[in-house]
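Shared between the two complexes below is subunit A, which has subunit B as its partner in the first and subunit C in the second.
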Partner chain A sequence: MILPLLHLEIAMLRRDRRAWWSLLALAIVVVLSCVSIAVDNVRVDASKQQVAAAERQRWLGQGEKDPHSAAHYSIFAFKRAPALSALDPGGNPFLGQTVYLEAHHQNDMLYRPQQNASPLQRIGFASPAALIAGVAPLVVFLLAFTLVAQERERGTTRLALGAAIHPSMLVVIKMLAVWASTAGLLVLPVAVVTVGQLAFTGQLDRDALLRVLAWSATFAGYLAVLAAIGIAISLRASNARLAMTTLFGVWIAFSLALPRAASTFVDTAQPLPSSQSIRQQMASEAPAFWSDEQGQRNKQELLARYGVSSLEEIPNPRMAELDLMERHSHEVFDRILGPFYDQVERQDRWFALLGFVSPTIAIQAGSAALAGTDFSHHRHFIDTAERYRRDLVNRMNADGMAHRAHGSERHTNDERLWSQIPEFVYAAPRLGTPAMPAWPAFGALLVWLGIAASVLTITARELRP
Partner chain B sequence: MSALRLDSVSISFGPLHAVEDLSIQLQPGEVYALLGPNGAGKTTTLNMILGFLRPERGSITVAGVDALTDPLGARARIGYLPETVMLHPTLSAIENLTYFALLAGRKIDVTTARKLLGEAGLQSDAHERHSGSFSKGMRQKVGVAIALAKEANLLLLDEPTSGLDASAANDLSNVIRAASSRGIAVLMATHDLFRVKDVAHRLGILRSGKLVDERDAATLDPVALEQLYLQRLAS
Partner chain C sequence: MSAPAFRDLFVWEWRHVGRSPLLWSIVVILLASFCWGALTTAFKHNEQSAALERARADDQALIASTAERAVAYRAKITEDAGQVAYWQDPTNVAGYSEYFVRRHALKPHLPLSPLATGVSDLAPSRLEIKLNTPFGFNDTYDFENPRGLALGRFDFAFAVVVLLPIGLLLLCALLITFERDRGMLRLVAAQAVGPRRWIGARMAAILAWFVPAVLLAQVVALAIAGVPLGQVAAPLAVSLVLTLLYIFFWSGIALFVLARQPSAGAALGMFGAIWALLIIGLPMAISALVATVDPPPSAVEYVDAQRRVRDEIDAERDALLTQALGARPDLAAHVHRATSLDYATRLSFLVPEIERRLSPQRVAMEDHRVRQERIAFATGFLLPTLGIESAFAALAGTDPERQRRFEQAAREYQQQLRACVYPLVQAEITKPPAPPVRETRGRLNLPEPLDLPEFSMTEASNAERIRNVLPFAFWLALLATVTSIAGWRRADRWQVT
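Take a look at the complex of A and B:
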């Protein structure tokens, strides 16, 4: 009986043009945003692959030179767009797509997609996740209002309750109609588009599929929370006007006011140092060019390390000093950037925790984590690229240190050494393997589901014509 | 087994005794008219039978099912026609009938839906039209078809002829007689004395929640019925 009833409830929604056309309009914008991001990702990723191949050739073809110079010559490492970034680009547009890997420096990433973004993307409102999280509540509430508050006002509910149906079942069918319509038109199409894009680009593996399923299920759960809240408010309000006003207020609170308040709160409670101050600290503690005093300290340390009394006894003292300072910079970078990145993740965890205040906050935090576009996934790339950089520089310095060269002498090497450095290949972490600062968001969504189901059950029990 | 049995049913809203010590019994196929002015307690009585209101005292049984302990079970045996039938305006007559039948746990096909709507007197050219354009009489006919679709033991009709033209009211009388002939008991709350005389087997007069008279309709001609009604309301 449920399916034919559901069919008729959805027919009622479809024929109420105001609510249905709002849903269709949103669905079209959501799909367009997904397709637009996916097409852009495919185009940019193809360029990245071409440039990365050219970079490799540039590295291999740099000719004969001092290995440390080769470490400065170095290469760009490219970050492919995360598999699900068409669903939720997360912080990706603001985080750069490539990093120049060179000796002495852990560089910032370059070429942020946001620099080439359309006006709509620049205001951060053009991804499926942002649209569903922020605008869908309004449409879901409008559908719930149409199906319940208007019916009650019209008096149809009396005739419905006169049939021998349990009020809970009536309410559940209406909730299912709103949920199925919104999930079917907002979540399913973009999930299909994304799977198609992944298949087209050869990225459709088990992890990507699992992420699409988890992302879709989480958004479907979010829409279920909204549908239940919308129907409960429509049932409890004494009249349709009050229902509409309350639903509009809840949308403003959930989707506009609380996420901004949460962000401000997190910034205040867990403030981040400015990136400028971090860069400054790194440059002053691990300089690429050092003073005479530092040179003297380096000399003493090298003499002690090699157990000799003069630099002449060290095979390649220049390279040994460069290696010494390189390894010093690794310790400095880890000491400064580690806590900085930890603090960013702590902010993300706090924001996710505030998902208990609004389901929109929970979905905003959870979506990027599932899509692999949150900071913890980005940090995985930064760490991988940095490990590659350190291996490359250490390898170059080690080759220099293994060959005798004093004064203006320089040991050189060529493609035989360069080709021993493997290509930079980045594999994004599998779902659940990086730290998931957003995990409280999923707990919050489950709690919201429980609350919404309870309120709906109580409301249904109290339903009178 | 009685189609409906009310024993000493009472309900108050604050100081107001809306229905007091009301007892009525209907046999299968019997048509009972509950007469009374506005506020006499007719609709309150129907709401208690439907389980929308819970009486403070007394018992209600619908076709052997206790309506107080099993309101859904009782409601399953009742076809209900409210005073103003409000349908889903974007659904056609057939779709409305299908929808409300499904809510009552009955799946009906289009042929059955057309037959029921025809029996209720709705012109066939209106079957596919959205009910948003229907007159009150047409909506009432769809409401009758919905009540009939339940194949209930008891029809509860709340002011069924209110606002209907003579032709539509006559169609409704035919439906009531047909239902009665199939063994369905009918309890109608009404002001329409003419219709009562036309279709009812028995009638009861409610005044301020109390049943002040109960007669066989056959013993009264229309004039006598009107006089009795006015007397009972005045006394």
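Take a look at the complex of A and C:
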């Protein structure tokens, strides 16, 4: 019974060229944006792989030198585009792609793709997630309006209700028709394209598949919320004019004003300290080049640590001092950068919490988390690269400390030591592994689904032939 | 029966529209949006200005501590206080050049900056300048939450560019289609008034309330955000004119759609489509096209090039230094010292060579950036939404062009510093080498730190900024006129059957 009716309602939707063509146009744009981002990711990732391999060769082939100089030479680590970034690049266009892992410094990730973006590039960048979250509500509401308010205006709803169909069945079918059309044309194609891209690039594993499924299901849920809201408003409004005005207003509030307002509110209410003050603090507490006075303090500490009375008794005092300062810098970086990144995640958690105000906010926060493109995933890369850097520098300094060098003596090493450092390989965390600040967004979406279902149920009950 | 005069119709409509709760709801929402956008942008810019002040103070602290050390290291060597290493010694000109010369190039915000965030959330307003950083400064930025950057800020420009047209279109769609949706259009059509005069009078009445309310809201919002209105009278006036023209542009589109007297639903559907096309569809399509035709040079390949060039320079170091010294009449006699120069002195010859070898990539990146700016400027004429955002940023001083000029000035500043310091560093090559054991803690070949110039940037005047946005303002006026005339002509008959 349901399927033929559903088929009929979808056929009715397709007859309204204005609404149906809007949906088709959006679907095409969504697929094109997905393909465009995927192609770009494949190209850039290939380049990153190539340069990362060159970096490895440069590291191994740097020749004979002081191990601490090798720690300065070090490598650039590259972050590949997250597997699902064609669906939702999240903050990635505004995050660095590479980091220089040198001694003494926990460097920022550099070369953000949008760093020098022109105003056109910035407003012209759209992803499937952004389009579905921001524009799909307008199309969904247009479809709901077409299916309900216009029918009611023409009097056909009265006829349908008069026929032997239960009102709630009619409402559910209409909602399903809108939902199935939008989910089928907006979510399903890009999910398929992404799975194809993952298979093509050899990234299709269980986690990636799970993420695609979870992302698709979440967006399907979002569209269901919108479809239910659209149908309920169209049914409850006293006339088509009021229905359209209300739907238009809801779209503006949910999708245009509230997400940006919420984001700006969170960033203003819980501001980040400026990078300038963070870097300044790090440089003053853990300088890469320290003063002679600091050198004197280091000397006293080394004497105490080694339990000797003269630096001559330490095999390699220069390297021991470098190691001392390096390990001190680790503590400083953790103490300063840790809370800074925690604050970024706290902002994201607050933004996700504001998903209870608008389902669009909830989907924006949730989508990036599922796609692995939110800041918590980026931080995982930062932490992994930093651990690698510290291991590399500590290993180099340790080699120096193990060999005697005084005055103009210098200990050097070669590829035998360099090759003991494993290649930098990054594996993104599995779904749910990092502490996802976006969890409240999923709760908010569930609440929105509940509200939408309740409103639709009540509306259906109140419907009389 | 004679037709009512336009003036009479307008006065009647003006009184009627003025009592509409919808009008005042929209005006209040826009006022709130303007204030929120201007205030949050001002808050962000105040934070950035505070960071600039800290950087300035940091520079002064370094200068003071360098001077203090320079005095302290004049002392004789004792058992407890030995010879200071060259990289810790500001009295050693080579050590000074690499480890003590560090200044900030700062780009302050202009008084009208709350008008638009522009590139201020993305591009750095503070660059650390050191002598031996290739091309002036390292790639850098002030970290902002990437989620916020991706979503875009709710700034004043967003409220004007995106929300203002929606408010206006909603108002026009609901107030002008009232009779059509109530089935009263036939009655109106039966009167001795044509559709042009009737729609025109109502549209004029809407604008007569909307325009002053919006312009006043703009002034109020910027004043609340702390903009010193007296200081920025001219650019503020131009921004008001731009807002006015933008309203006329959208009212022309509204007139064009409503000329055929559609229902509110149909009008809103059409407005939604036009809005989405101008705000999302066309920018996306044009941006994608431009990216395909003129892709950006790869940053990843630039990293690779930097590493390769540095390796090459390392491998050729002694030969390059020998060649550099040999080519200089003042240093040619000392070419035998090429292989024993200290690190900082070597850099004074090698960094310019690194820059020379990397310049093709660097120039390509810079050229691409300039091309993209020009394309965005030209596209602003096609997409008034982009054009007005860019014009606001230009008036606010948060535009990409000012940023680029700041970065150029930072690079020139580095060259200026090099011109002061490099000759002193390189002149040491002609002097006898430092004895292995000396009497004083410091080297003292630079008895006092240099009094280096401060960074300065030539700012475009208000008049220049205004001149830059005038072509777009004229174009917008033309578009507004064309859409209005097209709408006027289209409203040639009543659409009643």
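Simple rule for what comes next: the second predicted complex is superposed on the first by the 455 of 465 C-alpha atoms of A that agree within 3 Å, B and C clash if a C-alpha of one lies under 4 Å from a C-alpha of the other, contacts with A are read in each partner's own complex, and residues count from 1 in each chain.
Everything below uses one rule, namely that a residue touches a chain if its C-beta (ideal position, glycine included) is under 8 Å from a C-beta of that chain, and two chains touch if they have at least 3 such contacts.
Note that the structure is predicted; figures quoted are calculated from it, not measured.
Novice: Is A:Asp108 touching the first partner subunit B, the second partner subunit C, both, or neither of them?
Specialist: second
Novice: A:Pro4 in the overlay: touching subunit B, subunit C, both, or neither? Say first, second, both or neither.
Specialist: first
Novice: Count the residues of subunit A touched by subunit B and by subunit C, then name the partner with the higher count.
Specialist: C
Novice: Name the contact category of A:Thr264: first (subunit B only), second (subunit C only), both, or neither.
Specialist: A:Thr264 contacts subunit C only, not subunit B.
Novice: May I ask you to decide whether A:Thr218 touches subunit B, subunit C, both, or neither, giving the answer as first, second, both or neither?
Specialist: Touch status of A:Thr218: no partner.
Novice: Which partner chains sit in contact with A:Asn298 here, subunit B, subunit C, both or neither? Use first/second/both/neither.
Specialist: So A:Asn298 meets neither subunit B nor subunit C here.
Novice: Looking at the overlay, does A:Arg18 come into contact with subunit B only (first), subunit C only (second), both, or neither?
Specialist: second
Novice: For subunit C, which residues count as touching subunit A in their complex?
Specialist: 33, 36, 40, 43-44, 47-48, 50-52, 54-55, 58, 69, 73, 84-85, 87-89, 99, 118, 122-123, 126, 138-155, 158, 162-163, 166, 170, 174, 177, 181, 263-265, 268-269, 272-273, 276, 279-281, 283-288, 290-291, 298-304, 307, 311, 369, 372-373, 375-376, 379-380, 385-386, 389-390, 393, 400, 441
Novice: Going by the contact rule set out above, which residues of subunit B touch subunit A in the complex?
Specialist: 50, 52, 72-73, 75-76, 78, 80, 82, 84-91, 95, 98-105, 107, 130, 143, 146, 150
Novice: In the complex, go through subunit A and note every residue touching subunit C.
Specialist: Going through subunit A, the ones touching subunit C are 18-19, 22, 29, 32-33, 36, 44, 47-48, 50-51, 54-55, 58, 76, 78, 89-95, 97-98, 108, 110-126, 130-131, 134-135, 138, 142, 145, 149-150, 239-241, 243-245, 248-249, 252, 256-257, 259-261, 263-268, 271-272, 274-278, 280, 289-292, 295, 340, 344, 347-348, 351, 364-365, 368, 374-375, 378.
Novice: Flag every residue of subunit A that touches subunit B in the complex, lowest number first.
Specialist: Touching subunit B: residues 1, 4-5, 8, 11-12, 15-16, 151, 154-156, 158-166, 170, 464-465 of subunit A.
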